[in-house]
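Note that chain A is present in both complexes that follow, paired respectively with chain B and with chain C.
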Partner chain A sequence: MNEVAEARITRRSRTLWQSIKDFVAARTISTTGILLFLLLATFLLWPLIAVLIKSIAGSEGFTLQHYKNFLTEPYYYQSLINTLILGILTTTVCISVGFIISYITTRGPRFLRKPLKMLSLLPLIAPPYIFALSLIILLGRNGMITKALNLNWNIYGFSGCVIAQTLAFLPLAYLMIENSISTLNPNLEDSAANLGASEGKILRSIIIPLLTPGILKAALIVFVMAISEFGNVAILSGRTPFLAPDIYTIVTGIEMNFNMGSVLSMFLILPCAIIFVIQNYLIKGKGYTTILGKPVAAEPRRINPAILIPFLLVAILVSGLIFVTFGVVGMGTLTNIVGVDNTFTLNHILDWRSNMALVNSLRVSLLSGCFGAIMGVLLAYVIVRGSFRARTALEGIALAGFTLPGTVFGIGYIFAFNRPPLLLTGTMMILVINCMFRFLAVGMEAGINKLNQLSIEVEEASLNLGASTATTFRRIVLPIVFPAFMYGFMYVFMTSMVSLSAVVFLVSPGQNLASVFIFQWANYGYIGLASATTYKLIAIVGASLAIIQALSRWTGLRPTAAGGGV
Partner chain B sequence: MKKILIILLLVLLFVGAAFTTGQKEAVAAKEKLAPFITVYEGSGSVEIGGKVAKFIQDKLGVEIRFTSESHGVIHSRIKAEAPNFTGDMALNIGFPLMVEAKQKGWSVSYDSPIWRGAGDVWVDKDGFWWNQGNWAFVLVGNKDLLAKKGYTLPESWDELLDAKWKDQIVMPSPLTSGTAYMMVYSFITLYGFNTGKGEEAGWQYLEALNKNVTQYTRGGNVPSDLVGRGEFMLGITSDEMVMPRIRGGYPLVYTVPKEGIGFGFAGAIILKGTKKLYTCQKVIDFIGSTEFCKFWSELAGYVTKDPSVKPALYGGIPRYIPNIDQGWAVANKDRLLKEWKKRVGRAPR
Partner chain C sequence: MNEESRPVLVLREIYKSFGAVKALKDVSTEVRKGELITFLGPSGCGKTTLLRCIGGLTKPDAGDVFLDGERINDLTPDKRGTQMCFQNYALFPHMTVAGNIGYGLQVHKWKKKRIQERVEELLHLVRLDGLGDRPIDKLSGGQQQRVALARALALEPKILLLDEPLSNLDANLRVLMRASLREIQKRVNITTIFVTHDQFEAMSISDRLIVMREGIVEQIGTPHEIYEKPSSEFVASFVGYVNILNGVVRHMGSETEPTVVSTELGDLEVLGSENDIEVNQRVFLIIRPETIQVRPYGEATEINEFKSTVITSMYGGSTIKYTVDIQGKNIVIDQFDPCNVGIFEIGKKVTVVIPQNVHILKK
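And now, the complex of A and B:
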């Protein structure tokens, strides 16, 4: 309750009953807040602290020896540099191309908008390392294109990693940029065009400045993904060192050097944290709203061909590449050994060994989706309506889970939860908890956006008219935040189905997840089975999303992030 | 409001389904086979792991829920989980883990009647581990690529140092693969100890070989896939997937070079704390049977304890590099790995 509300209530005749109710209402929010804080502290902060502690833990007391080892060995230095360059290159290309495609799908020719959008978003429901598979099939030393053009190159190295990561995280960049571009009011551009501004001028002085916060946000997420989701990199890096796959090798391999793994993790966090701070600094005070009245651009403005044509070329080229990728992996699914023995076979598709993993994935993702969305929305409510000071901290911690490398949360969970009272390693629960806490920020952000649209006075009115807090929440708040809940659910569900970087450290025998399963098969040389399982995973995620879409159409409650969000 | 309730109900249904489909595990009686056991399988091949699981299930009626990873990965996994293991037993794991598990008390002993008198190589004298088979590494090549260049598959490890193989050889990394560690200690024995020049000469061979190696893979049998698919011309690979891959249509050729090949033990342990001890013991009994040895050596080409079984890959006992000391290899593992990292894996090329 804020001060205005309290003042208004004091003005009324204040019965004892009402003040008790009031007290409870006020406390409900702070108690929930404290509870949520404890949960976030346990499952997001503690694993991070555990990694930090491991990185300075010596045989007796604390030591900086591990850091010294890192800084004095040229191999690690090379690994760090490679990781940074990979991140920067991937982010730059993803953001530029993502912007170009979203410009075409929101401002370009109408008939192209839908197909381009569908193709660009397709990879979101596939494991990111699908691109490593297709690159090997196409551009490997014995790949189709390599053979057809008689090329002599090596895809196993830096260039392969950059190409694969770029294609893998382009959809994410596109999704976020398109989200912010669609909140811009085209009238502004039309006015500028009518006043004689050139297309370039409109892009430069209207669209790009207005999009800056969205673009920065997208850049941060893509950068983090590019350096931490290591499926592609582990399969394609050859002998080029990168931090994230090295963490995987050091922690799960023969050395099992948790200290060194933690040090590498700290160096993986460092650039993310720096960018996080810079981004927040740059965004400060730049929240633009251009939704004044309804955007009514009946006829799309004609884009100057000098800009339209190159933009179109890029968009079509990239979506073509995505299309080819899925086609090639489909070929891998249906041929005996793609590239070697191209006879048609259904053996890979009819191989049911991945069933258990697929069921587990579905189970884990449904659970983490539900709990993640519920908790995200609760967090949003507490942050928007609460009056205690730690609100920003609460939001910050939740965002940290989302904006820090998954690899770190994977090993952090091993350290934090491998002994009583929180002995969770080896259980299915640790996978659920890991996924829900890492991604709940998405539901939270969407919820905050939604709640900010609803004036608190509606709730006060309801309370003053005698409705209980519970009723008010159920009748007023819930319908408002429900789309945010669905959005959060969809995101957590989808990402949990395909994400690899954290859960790969946490699966145990008999409880494998599909994403890890496919990664292992691809890594151990079963392209056919890996491709087939990828397709099954895509089918499951696609079907689930379709069901949710159908449900929301039926109920008229569309999952939305309400502008902003991710 | 109604609609929201309907959706919430559906969601609850989903969640309920997710919970109830959880494991319904009946507590197995002492002298009764459990319906399933959870197993770490060390072949690093879902295919082999799956076939072994199915064979045991068909014969014993026990479902084997397994995870397949490289020896090195299984080793660190078990080390990390100690003393609360999620698995009941481990199959086809490397000798270093068999030894460490005995030393650290991670495994339990069992006097299996079928393994009695098999000899020190095959069963631990105190009954803490059982050697399912000696596995080894071989040299493989891609038939088509070799023919195209007019090369033949080398018959000696020395030939691999020839500059014409630059960036054409692929082998596993000892940081994750037990096979690769076997290669390291085998080449050190061959070029170091057996020539009388000492360990240093062995390292020099590995360093020279490194110049031609294009990448070090995570799993020991991955080179047979990469070479089979024509990504690289030559591979040094563990033997278990060579036969299945040739049968599966890969254009692979393999050879045991004239100096011989290295070998290691791949065996089973029962993990301490299992609630299904009786079932695990039955599995141990079963993998000591001629029936299993035959299956195992046909599937993976391993040399098993049963002399009547001829391993499919070699047709008999292969030519081994003489004087390989498995005990020395286990005792010096950490040191050799560190050295490998410094001189080979992370050395600037």
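And now, the complex of A and C:
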């Protein structure tokens, strides 16, 4: 056939197809979008609104009395100040150390990179309050070091909280900073060095300014985690007041003062919301796109020892502490009462009481992992490919759910879902829903990154060949976003296994979760049982990760965030 | 020895391996003052590694690098007096144009006023007057390239190292930037090493070329020498298309008398060659497509004339490219000015004239 005629026919059939396709595609995507919006609004916005309402609810109508009580009571005031200082200190140290370690693992001696990276990321598979356990074992009232040195001092109080929170959220800070540092073009540093800049000058004038957006992002996440994930703080605070554990005590204790709990929650949200807004609307768009081409893989620059050696010392000290932590918690697991009665025992491991909680955790985490990842990818697709206006709102709500304090979502869920038609309190379902909605933003961001790399023409080609939007999504889009799906699954699964701050409000007696179980027993002082359960939890998370790795190697589909995510 | 031909840079027996891959094997060469010399070769030939060895970004396993008579192997990049321009420009994205150009001066603690003057001077040199306050990402690719150049020139290095500097530009801009790069280089009279895999770029910009292959220097010479008198089959075909004929020398010629080589096409008469060849020597004949002529079919009676058939013909405006069949051997011919010479259809019989001055290579 004549080529010109052929081309003309193709073009005509294309325009016909185009209009049909556009019609179907627009409706499929926007319907999904509306559905997703309703879900996000119900499970992320409504709980927050419920907390707000509770904080101003009086016996008759609305009142500001609870806020007045908060502001006139020095205890609460002190609690707020302490929380802010804790957040700021933890964030500062976490970010600095995270930066130093990522500098070493991307630019330091090659043989140290892998082991340092592994050690720094190790705490991710353990509950964050593993550090509270190890600090009690070492420096508690009967701690090994306390007793050996006959100290009058112990770890309970402000300093203990800062140390534990710093070590707990260091992996997160490290992961995010390493992610952005590894996208820096190494030739920038080569150029600066070639022009005579010293190591310090390169750090100050090139690396740190370029990393600032990434560092601020990491700082926000760490700050929120530090003030809201209160496992460590509740165990170690002693008599020092902090907002998050206070909310827990007020809401679940004898007082059951929901109104005051909500006021405290509002003050916990406030700093986070301020940073969230600054980060998303003031700094956004300030990121520097690397200009042209990919960084050329080349021999690493030799780092000046004046910088390298102090950096190395910090990195080794911190990873040493992490190593020691896992060691002493291991000792706690295998001895009667570590530090007091060091006889070897398997009793803690064989203790049946933790098994039910572990099984529940696994069940909840698997479900929330699957649903969270599916929804994350769907959200990503709708956000990238949809054309309706609420797209940015969708992304914003999902990110807010991820960024705002878990504690608030804990009590928010109690208020929001305790009566029909949304009666969920006391069920296993509420745990699954809470975990999946709070953490799905990670998979969503990874999906957005992946989809932005996939050109729309590939999808159009599929639609052109006669496939429906749904088929296109299943056959073309899914395989491409699958790594993002896996990444989202892994994140939701792991975080659901170990996180505490929200689910601690939602578990009911028959359905305890492992993280809550450990927290409760550690709080009562049963270090052995808490340690053993921690190790079982680590083993389950570790084994699951290994299975996913093996699966992904087998299928050739690796979970990736495609340079983004957290 | 005059100033112009004095070697500034001497490389002696450089070796470099990356694991099992031998990137450089016994590379020795000299670079003369003020010249623009190009390292040319396919990717993986070691040209960038060699450049990085000179710039101090890669440490050679063995061998010496001398700059102005001083051994610089152990000096860090900033102490060498070399300045590297990267393929991706490596401009600091958070600084303005002036901030980038003045970075090295600021590091060397120049006074603010002097920095400003020097930056103005450099902006003028690279024709970016008035753009000092622009952010980097508001520049076109060609402008970014010139900022990178100005930044590298700011500290007046002894040698400028350019790693595929034009490869990120589109085709038209490349040609323009090539000319402007050469012009700036001449004006500043800076010794420059240029790395590229593009033979046209290399030939049009360089004083001399170093053709490399698998870590070895294949040939050093002016673009003219490399093109006309390649030292190997590889060099011959890397710097442009060639017809290669296998032959045996039948009769040795002299100043006045042509040498006779018998080839797949038949006997060819070939004029003067410096190669030390002898009778019965097996040789390659290197024949560039544009040196061969096509004529309307007629009796092929003259020397080096052959009867043939056109197999393919590709019209390209200023030239037309034919493939013709001579005795079962395919020969590629570039005919200039096809409008006036006439176009031969596929299948048509033609007469082909092989020139007498072809390059002979010993086998």
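Simple rule for what comes next: the second predicted complex is superposed on the first by the 533 of 566 C-alpha atoms of A that agree within 3 Å, B and C clash if a C-alpha of one lies under 4 Å from a C-alpha of the other, contacts with A are read in each partner's own complex, and residues count from 1 in each chain.
Just so it is clear, contacts are C-beta pairs under 8 Å (C-beta built on N, C-alpha and C of every residue); 3 or more make two chains touch, one makes a residue touch a chain.
What you see is a predicted model, and the numbers here were worked out from it, not measured in a lab.
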Chain A: partner with more touched residues, chain B or chain C: B
Touching A:L195 in the superposition: chain B (first), chain C (second), both, neither? second
Taking the superposition on A as described, I'd like to know which of chain B and chain C A:G253 touches: first, second, both or neither. first
May I ask you to decide whether A:E457 touches chain B, chain C, both, or neither, giving the answer as first, second, both or neither? neither
Which parts of chain A are in contact with chain B and also with chain C? none
Complex contacts: residues of chain B adjacent to chain A: 1, 3-4, 6-7, 10-11, 14-15, 18-19, 21-22, 38-40, 44-47, 50, 65-69, 72-73, 75-77, 79-81, 84, 86-87, 145, 167, 173-176, 178, 181, 214-216, 218-219, 221-222, 224-226, 228-232, 241, 248-251, 333, 337, 346, 348-349
Using the touch definition from the top, list the residues of chain A that touch chain C in their complex. 185, 187-188, 190-198, 201, 205-206, 209-210, 288-296, 298-299, 301-302
Once bound in the complex, which stretches of chain C touch chain A? 52, 55, 57-58, 76-78, 82-84, 86-94, 103-104, 107-108, 136-137, 141, 144, 151, 154-155, 168
Provide the residue numbers of chain A that touch chain B in the complex, in ascending order. 73-75, 136, 140-142, 154, 156, 234, 238-239, 241, 249-256, 336-337, 339-341, 353, 356, 359, 362-363, 366-367, 370, 414, 418, 423, 425-426, 428, 475, 478-479, 482, 507-510, 512, 520-521, 523-527, 529, 551, 554-557
